[in-house]
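Each remark here refers to the structure printed beneath this line.
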Amino acid sequence: MRKLRGIAAAIAEAVDQEMAADPAVVVLGEDVTYWGAVFGFSMGLMQRYGRERVVDTPITEQTFMGMAVGAAAAGLRPVVSLMFVDFLGAGFDQMFNHMAKNHYMSGGQVAMPVTVLTAVGGGYGDAAQHSQVLYGLFAHLPGFKVVVPATAYDAKGLTTSALRDPNPVLVFGHKLLTGLPFLPFEGLEEEEVPESPYTVELGRAAVRREGRDLTLIAAGLMVHRCLRAADRLAGEGISAEVVDVRTLVPLDVETLVASARRTGRVLIVDEDYQSYGMSGELAFRIQAGAFGALQAPIRRLAVPDVPIPFSEPLERAVIPSVDRICEEARALLGAAAAASSP
Amino acid sequence: MRKLRGIAAAIAEAVDQEMAADPAVVVLGEDVTYWGAVFGFSMGLMQRYGRERVVDTPITEQTFMGMAVGAAAAGLRPVVSLMFVDFLGAGFDQMFNHMAKNHYMSGGQVAMPVTVLTAVGGGYGDAAQHSQVLYGLFAHLPGFKVVVPATAYDAKGLTTSALRDPNPVLVFGHKLLTGLPFLPFEGLEEEEVPESPYTVELGRAAVRREGRDLTLIAAGLMVHRCLRAADRLAGEGISAEVVDVRTLVPLDVETLVASARRTGRVLIVDEDYQSYGMSGELAFRIQAGAFGALQAPIRRLAVPDVPIPFSEPLERAVIPSVDRICEEARALLGAAAAASSP
Amino acid sequence: MWKPEPSDVDLRYLVEQDQLTEDGLLQAYRTMCTIRAFEEAIAERYAVGKTPRFDMASGPIRGEMHLAVGQEAVAVGVCPLLEAKDAVVSTHRPHHHALAKGVDPGRLAAEIFGRQTGLCQGKGGHMHLFDRELNFACSGIVGASFPQAAGAAFAFRHRGEPRVAVAFAGEGAANHGTFAETLNAAVLWQLPLVIVIEDNLYADSTPKWAGLAQPHQFQRALGYNLPAYLVDGMDVMDVRRAARRAIEQARQGRGPSVIEAVCYRYRGHFEGDAEEYRTREELERWRALDPISRLGGRLRRLGWADGDRLARIEAEARDVVAAAVAFAERSPLPDPGEALTGVFG
Amino acid sequence: MWKPEPSDVDLRYLVEQDQLTEDGLLQAYRTMCTIRAFEEAIAERYAVGKTPRFDMASGPIRGEMHLAVGQEAVAVGVCPLLEAKDAVVSTHRPHHHALAKGVDPGRLAAEIFGRQTGLCQGKGGHMHLFDRELNFACSGIVGASFPQAAGAAFAFRHRGEPRVAVAFAGEGAANHGTFAETLNAAVLWQLPLVIVIEDNLYADSTPKWAGLAQPHQFQRALGYNLPAYLVDGMDVMDVRRAARRAIEQARQGRGPSVIEAVCYRYRGHFEGDAEEYRTREELERWRALDPISRLGGRLRRLGWADGDRLARIEAEARDVVAAAVAFAERSPLPDPGEALTGVFG
């Protein structure tokens, strides 16, 4: 089997194969041709399918998102690039009030098979308007499925599922997992990824590493930082389980709860802003499902409700790192089962 | 002391008094003159201050929000109406990437004294694009303060605090609390509200009713539904405490935790969408702070992740009602301290 | 108001030039009457349960209600030129467009009443009407129709289908950035798109002078290199003349157009509007240009109808509407459990 | 490229007409040289640590880096006509505007290097530069500058102050709906606003023909009833001529203007750009119009400078920049604890 490094080529391959199979699939967005949507998610597609099916749009997020809504209702299956998730604000109305709702509001008449590919995350010095994660916003709004691949295998399989889904699905690809040469890479160096099309089911978390003492739950890049932290903790005799959420919507509550029940201690690691986001939601679900089994309050490590600052020491201080994950994990194990501050 | 009914007049009075005190306060938005921003938050201000200070804008949310950003940086103190919170998507970029961040990104140079007044909520048949609450979205994004008044007294005092705050503050006024004649009213019928200006501090929850057996936590309209539920439960011998969050950001964790510790059981009632929003966040904070004291998993009642449907029986089925609050409260008391499903 | 009523000679000339037939004009008359009757019936039922206090939440129809009485000529000047396969994306004020596009009045009324038999099974409501067979959609968000219609047009052009998409929007909506963005997209990709701006002089309570820097939106469209027509929106023949050219051009792959139709809404922005922002006199001046009586007068002058025939058509229209409302009223409300279904397909 | 170089006679005529002085033109030359030197110095330092592999995250300057080499004339044709009290809102490509507005090169460089002494104490970075004293701001979000500058202009007009706000934006940004919305607002309220579109033919990798339905944005502005100038963005005198009129008009309360300056960026969209989307020949053709050597040539023809004097100015500019970069490099990084402060004021 052929090896891949990073999610960008994997996502582009999924789109490519679906385009080959279905002429209704078109790609829309800024710089999707020469630049493969900047982060590689549409690499090579223009060369293969031409500018009629791979369409550079003007810088008008509201309009190309709205066009995707209209085109999907008229039978196309648009794949839309939101270059950085940070730009959602320029097109959010068409996304959350139309793309996400028209199927429901129409009493099920209007299908909305749109896939949005977007790049997320910081850690390379791109500051407050180009480093956000923001999947929590979309996960809060009914009508979106929210996919956060951590591996190339998942990226391809989940993206294929996204394109075949009759609903709007957002794929949040972390820049530091793309495998592109101009960015740091924190994913798996060599991954076996089947060349032929396959799907990974939406709504299934993956236990990436089994452990006994505590559970680390994360998505995207943070899965890899948790795995590295787990390695390090293992050296200290701490056995950490690592669960990759994979899709925030639908959410695989069962796997999360089962892990929490096994270990009794949970640390949620999240690169999105801390409050009113993923970490709270997962905590709710886990305390509801594993109440008696929890030996300590659930902890979390996330961006502490500040914009992402530019300067390196500042940026490092706010994005969860392997060091900080280890510290939090140790604190969780040290903590009495009694109350601790959040 | 003079009595008021509803938050609309109270908010408008707060704005009025700040306009009288400070010529830098201007009001911008759609239909802020004749219609008082539709939901009354700027009632009477045009008559008093003229169209130069109370400015009807074209239907261009991104642009009048952006103008507020620029005007605030240039020394005005804009009060901006976002007529329905549902329309945020047309102006979200200027709100979350600029209004909320410019102070931080500028290293503290640029002040951003903007107050956004917006109407939220359903229950009167206005369907999926005019019934949302969405405070969870804003609360997730660093740089906003998020105010949700439940009473006229708070509405006036919190709005005054908002206008005097050097930061962007969003005031979420529930339509069914406005006291306007064309809408149902579920607030307090007769409230003593001082005529002279006063502030209510941002970041302090209020215990609206004391109780022993469980804590109901809510904001805005849901505070009143919780109070009614508490009345009814009292008739069944159940003593429910009701806590009004009042501001989601800053959040008064202490008061929430203290109540949870006293009663040992918590039900969060929220008119926003259920997942990845307020209920999760509050649950996290409470389990972190009151872990050992909780006798049952925290429960929640919120809009079950569907758009708000139009038809009355459907709408009633998704927005938390007094009946449903009572049911959930009873279930919470019946539930063993062991695990239960979410 | 600003276009002279054609003399008999000119009327005949226009009829010939625009290939108008007796049947066609009578059908236009009928549809306008149906729309008028429909909107008035909804207004009447909407008012039920709303006295003595006007409470938006009570009565058989709840929520906001935006009616288009007075604006019939715009819908009827455009939509009957379309086929079922052509797409229409409308606004918060969508009934007249829906009816002119051929949406069943019964299922439309049922949706407005929130019934199970409604277009959207009661989930949508009056601002969210969808009819998939007729490619009809709308939105309660101002400015949202432009890009969605452009998206439909994109799909048609992409597949090489001779189909047209029409976006309706108010003159207030055309201040929204989506108008300009969509003009650029439509011209750039030569989309089979017709944008129809219903310029009724007000956006909510805001008169045009307070929201628009210029008298008309069509002037802006000219800056994008596409045909832009300013027409008399109280004259169905005038609207139709521009619409025919625009739709033909689009269908033949020759690109998009804009039509701005100046018209007037007789009722408030929504039901319950106290209308402090305009005068009774202004309304009366516009009523004198009523599109239905104006077309009626022309039908008489052409010898294609007399007063009786027109009265009969009006009565028939009222019957159709009465049946539609009766259908809605006797239809069941949806089961509450339905609320939780259909988020995903 | 498309405007003839003035003959000696015409050059003198233009200088007189535009009240250009020896000092003024030499100062423009100096500022353009400073900008050029600054951008080239940043390019050089940015490249440190980025070989053999270009990794955006390594070296002394991290993240994206958008430089304006080639576009100096646009900034210098506009900003020196402004006072400190006038506002400028710039874009993701902001250094030339900042320097021309008078921002201290040392604090600017320090911000780009993420240092404590930077304009924003390292929190902003190259796309988020703020200088409150000089009323300078920018944003990494395309299209965001228009309404923010309009807001500043609104505040100035509201208080009756004779201050002007300038929005810079790319030709790609002007496709964004905020451009049209802001034009409407600016004309409606007669704001003291000047919108300067830096038309460098590309938006990222997207050539103008793929994103713009027409050759130029200024044509759209004309549809909004305001003066719109199309100028040679490689000719600082041509930019300045339009800017002077526009700024005077705004300052005197006579409303907004648009200036579209056609120019070219010599470097990639951002550093590291492989530039597959354009040819080397095109770049060379534009380089032949270099705004600095063009102004240098004119200074010589006017007898206001010889080669030595120009070389001295260039050398001084490089010194200024070297000192600025040295200041940045020896400045401390901020304390990590600072990250958690300053969300609220």
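A, B, C and D are the chain letters, set down in written order, and residue numbers restart from 1 in every chain.
Definition applied: a contact is a pair of C-beta atoms (placed from the backbone, for glycine too) under 8 Å apart; a residue touches a chain by one contact, two chains touch by 3 or more.
It should be emphasised that the depicted structure is a prediction, and the values quoted were computed from it without experimental measurement.
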Applying the contact rule given earlier, which two chains have the most C-beta pairs between them? A-B
Per Cα centroids, the chain farthest from chain C: D
Measuring from the mean C-alpha position of chain A to the mean C-alpha position of chain B, what distance in angstrom results? 30
Centroid of chain C to centroid of chain D, CA atoms only: how many Å? 46
Chain-centre distance (mean CA atoms) for chain A and chain D, in whole Å, is 36
Taking each chain's centre as the mean of its CA atoms, how far is chain B from chain D in angstrom? 42
Expected list for chain D, residues touching two or more other chains, is 118, 120, 122-124, 128, 139, 141, 175-178, 181, 184-185, 188, 211-212, 343
Multi-chain contacts in chain B: which residues touch at least two other chains? 57-58, 60, 62-63, 86-87, 89-90, 93-94, 97, 104-105, 127-129, 142-143, 305-307, 309
Listed in rising order, chain D residues that touch chain A in their complex are 53-57, 61-64, 111, 114-115, 118, 120, 122-128, 139-143, 172-173, 175-177, 203-206, 210-212, 272, 276-277, 333-340, 343
Any idea which chain C residues touch chain A in the complex? 87, 89, 118-124, 128, 130-132, 135, 137, 139, 141, 144, 146-156, 158-159, 165, 177-178, 181-182, 184-185, 188, 342-345
Going by the contact rule at the top, pick out the chain A residues touching chain D in the complex. 30-31, 33-35, 38, 56-60, 62-63, 86-87, 89-90, 123-130, 181-184, 304-307, 309-318
State the interface residues of chain D toward chain C in the complex, per the touch definition above. 175-181, 183-188, 211-214, 219-225
Would you pull the chain B residues touching chain D in the complex into a rising list? 26, 52, 57-58, 60, 62-76, 78, 93-94, 97-98, 102-112, 142-143, 145, 166-167
